[in-house]
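The next block holds one structure in the form of structure tokens; read it before the comments.
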Amino acid sequence: MKLKNHRGFILLLLLLIIPLVAESNYLYSTLVIIGLYAIIVQGLGILMGYAGQVSFGHAAFFGLGGYTAAILTTRFHWPTLLALFASAILPGIIAGLIGRQTLKLRELYLALATLSFGILVHIFFNEGGELTGGPSGMSGIPNLSIGSFEFDSDQKFYMLVWLVLLMLLIGIYNLVHSRTGRALCSIRESEYAAENAGIDCARLKLQAFVFSALLAGLAGGLYAFYVTFISPSPFSFHTSVQFVLMVVIGGLGTFWGPVIGAVVVVALNELLREIVPLLIPGAGGEYQIIIYGVILVGLMIFQPKGLSGIGQYFRIPLKKQLKTDVKIRG
Amino acid sequence: DVKSAGGNEPYKIGAVLDISGNSSSLGVPERDTLLMMVEKLNANGGVKGHPIDLTIMDNKSDETESVLAVKTLIEKGALAILGASSSGTSMAMIKTVQSEKVPMISLAAASSIVEPTSERQWVYKTAQSDIVMINKIISYLKKNNLNKIAFLYMNNSYGDNGKKAISAAVKDSGIDIVAEEKFDANDKDMTPQLTKVKASGAQAAIVWAIPPSASILTKNFKDIGLSIPLIHSHGVGNQKFIELAQGAADGVILPIGKLSVAQQISDNDSQKKVLESYIADYSKKYNAEPNSFGGYAWDAFNLLVNALEKAGPDRVAIRDELEKTQGFVGISGVFNMTPQDHNGLKEDSAVLVQVDQGKWKLIE
Amino acid sequence: MLLELSGVTKHFGGIAAVKDIGFSVAEGSIVALIGPNGAGKTTLFNIITGTLPPEKGSIVIKGRDIVGLKPFEIASAGITRTFQNLQLFSNMTVLENVMAGAHLRSKKGFIRSFFTFPGNCREERKIREESLTLLEDIGLVETAGLFASELPFGKQRLLEIARALASHPALVLLDEPAAGLNPAETEILTGYLKELKTKGTAMILIEHDMQTVMEAADRIVVLNFGQMIAEGTPAEIQANTEVIKAYLGEDEKIA
Amino acid sequence: MLKIKNLGVYHGYVQAIRELSLEVKEGELLAVLGANGAGKSTLLGTVAGLYKPTAGEVIFKGKPITGQKPEKVVRQGISLVPEKREIFSALSVLDNLMLGAFHRYRKNKPALMNDIQEILELFPALKGRESDQAGSLSGGLQQMLAIGRGLMSRPALLMLDEPSIGLAPLVVREIMSILVKLKKTGVTIILVEQNTKSALKVADSVLVMERGGITHSGNSVDIIADSSIQEAYLGRAH
Amino acid sequence: MGEQLLQLLFTGLTLGSIYSIIALTLVTTFNVTGILNLAQGEFVVIGALLAVSLQGTGMPIIAVFIVSVILVAILGGLLERLTIYRARGASNLSMLIITIGLSISLRGLALLIWGTETYSLPAFSEGGSIIVGGAALNPQSIWIFALVAVTLTGLYGFFGHTFWGKAVKASVYNQTGARLQGINLNTISFLAFVAAGGLGAAAGVSIGPITMVTYDMGFMLGVKGFVAAAIGGLSNVGGAVIGGILLGILESFSSGLISSGLKDAISMIILLGVLLFRPEGIIGAIRERKI
């Protein structure tokens, strides 16, 4: 394989060296959050971008992972690492159970079904009484530890999250460049034709769904161990929408898209928080919100295929680029 | 410019507030109060000649954003953190301030924010805990021989904490909760819940909610012809509640901090002067009445300034000074902190009021 | 016999789209299915491939009844098809379309795909080579890197055929493969199909171009209003007056 | 009637039409032949306004219509029956036909119903299925519907992109005779066909395209006689 | 008990009227443009907030209603030109994201102008609840139903009986086909958003007296409307109204008789049931053949 194809991975490896040079907990936290989102969105990207199945309920799997970790460690005193595994597996199992029926639905109907699943789970977090701590949530989640090594600093957590992400990315890279990746794409393009080519669409869609739920759950578990406090509010419908935004902004059906989407959305939020008050003195959150929305709309108008497509501007010489723009009108 | 105020190095402090998002009705008056306080303090020479450099960050009522915001502030060298506005966003910050050893004064009510204090050495709060308010209500109920009550609460952490507190408080008090109903912050009609209350035979209804749902409930209450006493929580302690309830609020009873009835409290009350000056300052600057949320911010800011004056720019010393606070007269009450009590407010910080022709009236 | 149909029936509302159809396809033979528009030809394909459930009747391939199986199971039993209303994987390249068609000829599942490195995967390379050969044979190899949607209409049809052949099926159902091809191109296609037949692939061919039908088919089945009105060799059909009246027209001269 | 000068059209960075010029006279039936990918559909699409040319001019009845949007072009009296049919599959057959006359009527007039009856006479196979969903029709019936819808707009210039696709031989012949009749009423027709034999029978003049340009043009008799064209496009049977 | 049930029914109808009107506006845009407009809730809120400000100037309520409807209709058209129009040809998902972006920005704008405060609007008619059989019915909900009825009749007439209505439907099913018949998609999309804005504002002004108005309530209203529309089949105007009423009654009875905490859960379960067993909605919509 050519080096060129792996520039992204090399960049990621370089990112892991940051701790040797930088010493900002804020930076690490931001990167941890980006990393967690990237894990979720990368899985969701397989489901949405490759298999073509929209989900507006992934915050539920994220939350299920988080609550699994929280409940197992605080109520049942499981070892943290074991609880982390469980936090990935349980959402996976739930996805397996609900997916078979749900994935028969198409497009908006699937979006609605996943949305209502997400809201149901969110209600469960709120109404779970003693088990989930209700709307006030649960605190006192221990730090994640492997043996006697404890992930008690932002820096250590950052290394962990991005290593996990890197390993997942390698796996996903293999996946999308394999027979399975191709089969997923063909489901997205035409289920009839895919079935007639011998592809078991129902099964493959389910696998992609379970896979994305596993990743979301894993990220949820990591989140619980990172913040050590958990409550229903980060797992609402809004969060599911954020995840979909990240996938689409990054670029559907592209390998790097989801990661780019996660970075851009989180970084944009953080940047706006810093920059807006500088541009408009005395500006509160209102301006941030407005500008964020406007940027979102702008991205979709000018880069409807997502940001990962921007690379093409640097590769195709300008002349050809101009011709590319002459497309079907309307 | 901040530096020029006293010529001395400014003291950096940070605030994380729920300025936008679900709890923005809390965060906005808090922000306004803080901005006003800083301006006034710096104009008067700051803390021993050091101006205060306050950075306010909006967490959008989001817990994850709260964590990121508090880390930014600590990174920028904040000596202490004020906020966050609501319980969830405050809870999310605790791990960070505990491990980074930065004093934090939350503006939210839940007692779990500061308890157990053995695990919350760095965390303080200025809003009265629910139990303070509940006790006020319980004594009213006993006095009027109301033994069967209905409890209605909002389905979020505010309502949830209220429910926990009242369930604990009614034990062994001879009062029975005969109906317990909840509703969503977004609900547009609480008649179904109230129909159940009506059928339950309760002698009084206690509601733990904030407007607009609290106001809608009050309207519905009147509409379906319920005539038992309606007791709300301090969550409705602003004029907005009365306005939105459009006349239905008359007769509503609630425990509240003294801010809303500052004129009516006795001149002997040690808080009177403080309250009146806050009201005057705030009304002058913003052309509006301040509310209790702003009051929490006032208290947090002044507690911190007090500690800073004694301790100087040293986080450990600030924390120690906060814990030693005694007899500090604030908007929400008189604060007496101890190593076991990081809130420091007692029952005397609240009064019972009744709405009478659209105005608060002190009833004790 | 490779495929045997009997008593296959399907209604849509009041319309009997396919009624009591029975015929068989011998191994390595071409059966043409002709009939006026709306006669039920495509519907029959949909039934054989499991896309539509029949109301009645049996469909047996290599001795196994496939009624009730899912389309992908029927594909793995050796039947693939092309679509009259094209169903290409538009946002995939021509080569990927064919490789997706070869799905059945490789084995790696979801988990194994996740853990193996594709660069080292022999299976993947083999499929790629074979797909390119297939494209070469059908005349699409220069366009291998284009998106399927960028092909002109006629070539999209050829691509459908290539994709259907990629899994090396025992039987291919072709729904108007020559539509959109000019006579010269049709001739090449006919030659290609005949060659395929000699290599042992059986076909059912829906086609309105009589020249192709007469030249390629071993047997012809004629449908009209869902019913089978004739079956026989090309010569027999050409002489069948009912077929001429319903479908071919009196003055049609067939070469 | 229609004049095209030095037309150039791109799809992405593939040039589909290069420096193409042609002229169609009023009442003429022009057949356009050519291999797959020659650019025939692109040519019709560009005249109809679906694609925007990068160079050249399209002039209809003396007025330039270059680069106009399809909804505007159709109002000038140009109608395209596209190769992918583009029928409204969830609407009824009747609604599909009605909409063909959208730019003429915009109201449900009796005249409209008469027109529809006429079309149904031309395609008896569609009779009795007026209220069926267009998408449930068989491929060939959908093709008839698309042609019928194109006729409903009563164009001065009718462009058909491979109308014979999917149609039974009898019906193809029927369509060709309809075209001849239409021509007699003064309609100008451009017919893209792969069914060369049928097309040549009815065409006045013929144009052969290759790689986006015109390689041969002339009246149909000459073209049939041209042996090089014979070989390339007409196959063995002539 | 009977009185309680009647009360719950009345409450359900009040809620149902709110959900129906929002579902109706959602379905209208969806039918016309194929876009699910997640900013619809924001149109409702801005309409109501504008009415609050206008009312402050002492205008009579009828004038407030009309001016607010006109202003938001203009806003809708403006936003369509600035965003949807520019993005034409993009995928459905991109369009959905654009409407999400719009809703975020509009919410921010509302926050900027009107702040976090909750406002109330006066009811259309004076006087308190109507008491029937011991249960109270909010008279404002009758006004909302009137609005629903008028809108519904208008939409039925338009889609079912006019040439334009057919053209609009056709343009959703096949854009190229529609343009080739001379149907101007740009105009249709523009008008659809003008209508969405106007209808949204009308809904906002009429529900305001019941729900009160805060800058951020649009999102929840949008979601409820979306659910109601889906129960009704997503592209069916009559279904949207029935779905809305059903949802309202369901919520009312489940919080009155079962548990208020589980009220949303119950409506979600119903929605899932409808999706899984009758994906075309309770009023079946047609399905097309693809092969």
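Structural remarks
Read from first to last, the chains carry the letters A, B, C, D and E; within each, the first residue is number 1.
The criterion applied here is as follows: a residue touches a chain if its C-beta (ideal position, glycine included) is under 8 Å from a C-beta of that chain, and two chains touch if they have at least 3 such contacts.
According to UniProt, the chain labels map to these proteins: A, E = Branched-chain amino acid ABC transporter permease; C, D = ABC transporter ATP-binding protein.
Computed from a predicted structure; not experimentally measured.
Between the contact lists of subunit A and subunit D, the overlap consists of C, E.
Comparing mean CA positions across the assembly, the chain most remote from subunit A is D. Should one ask which of A-E and A-B has more C-beta pairs in contact, the pair is A-E. Chain geometry summary: the mean Cα position of subunit B and that of subunit E are 36 Å apart. In whole angstrom, the spacing between the mean C-alpha positions of subunit A and subunit C is 41. Rounded to whole angstrom, the centroid-to-centroid distance between subunit C and subunit D, based on C-alpha atoms, equals 28 Å. Listed for subunit E are residues 108, 111, 179, 185, 261, 264, 290-291, each touching two or more other chains. In subunit B, the residues touching two or more other chains are 20-22, 24, 28, 155.
Of all residues in subunit A, those touching 2 or more other chains are 126, 192, 285-286, 288-289, 328, 330, listed in ascending order. By the touch rule above, subunit C contacts subunit A in their complex via residues 49-51, 70-72, 75-76, 80-81, 83, 87-92, 96, 99-101, 103-104, 106, 108-110, 113-119, 121, 123-124, 127, 163-164, 166-167. Against subunit C, in their complex, subunit D makes its touches with residues 11-12, 14, 33-38, 41, 83-84, 125, 136-141, 143-144, 162, 165-173, 194-197, 231-237. Taken in their complex, subunit E has these residues touching subunit A: 36, 83, 86-95, 97-98, 100-109, 111-112, 175, 179, 185, 223, 226-227, 230, 234, 261-262, 264-265, 268-269, 271-272, 275-276, 279, 290-291.
On subunit E, the positions that touch subunit D within their shared complex are 161-164, 166-167, 169-170, 173-174, 176-185, 286, 288-290. Within the complex, the subunit D residues that touch subunit E are 48-50, 69-71, 74-75, 79-80, 82, 85-91, 95-96, 98-100, 102-103, 105-108, 133, 135-136, 149, 153.
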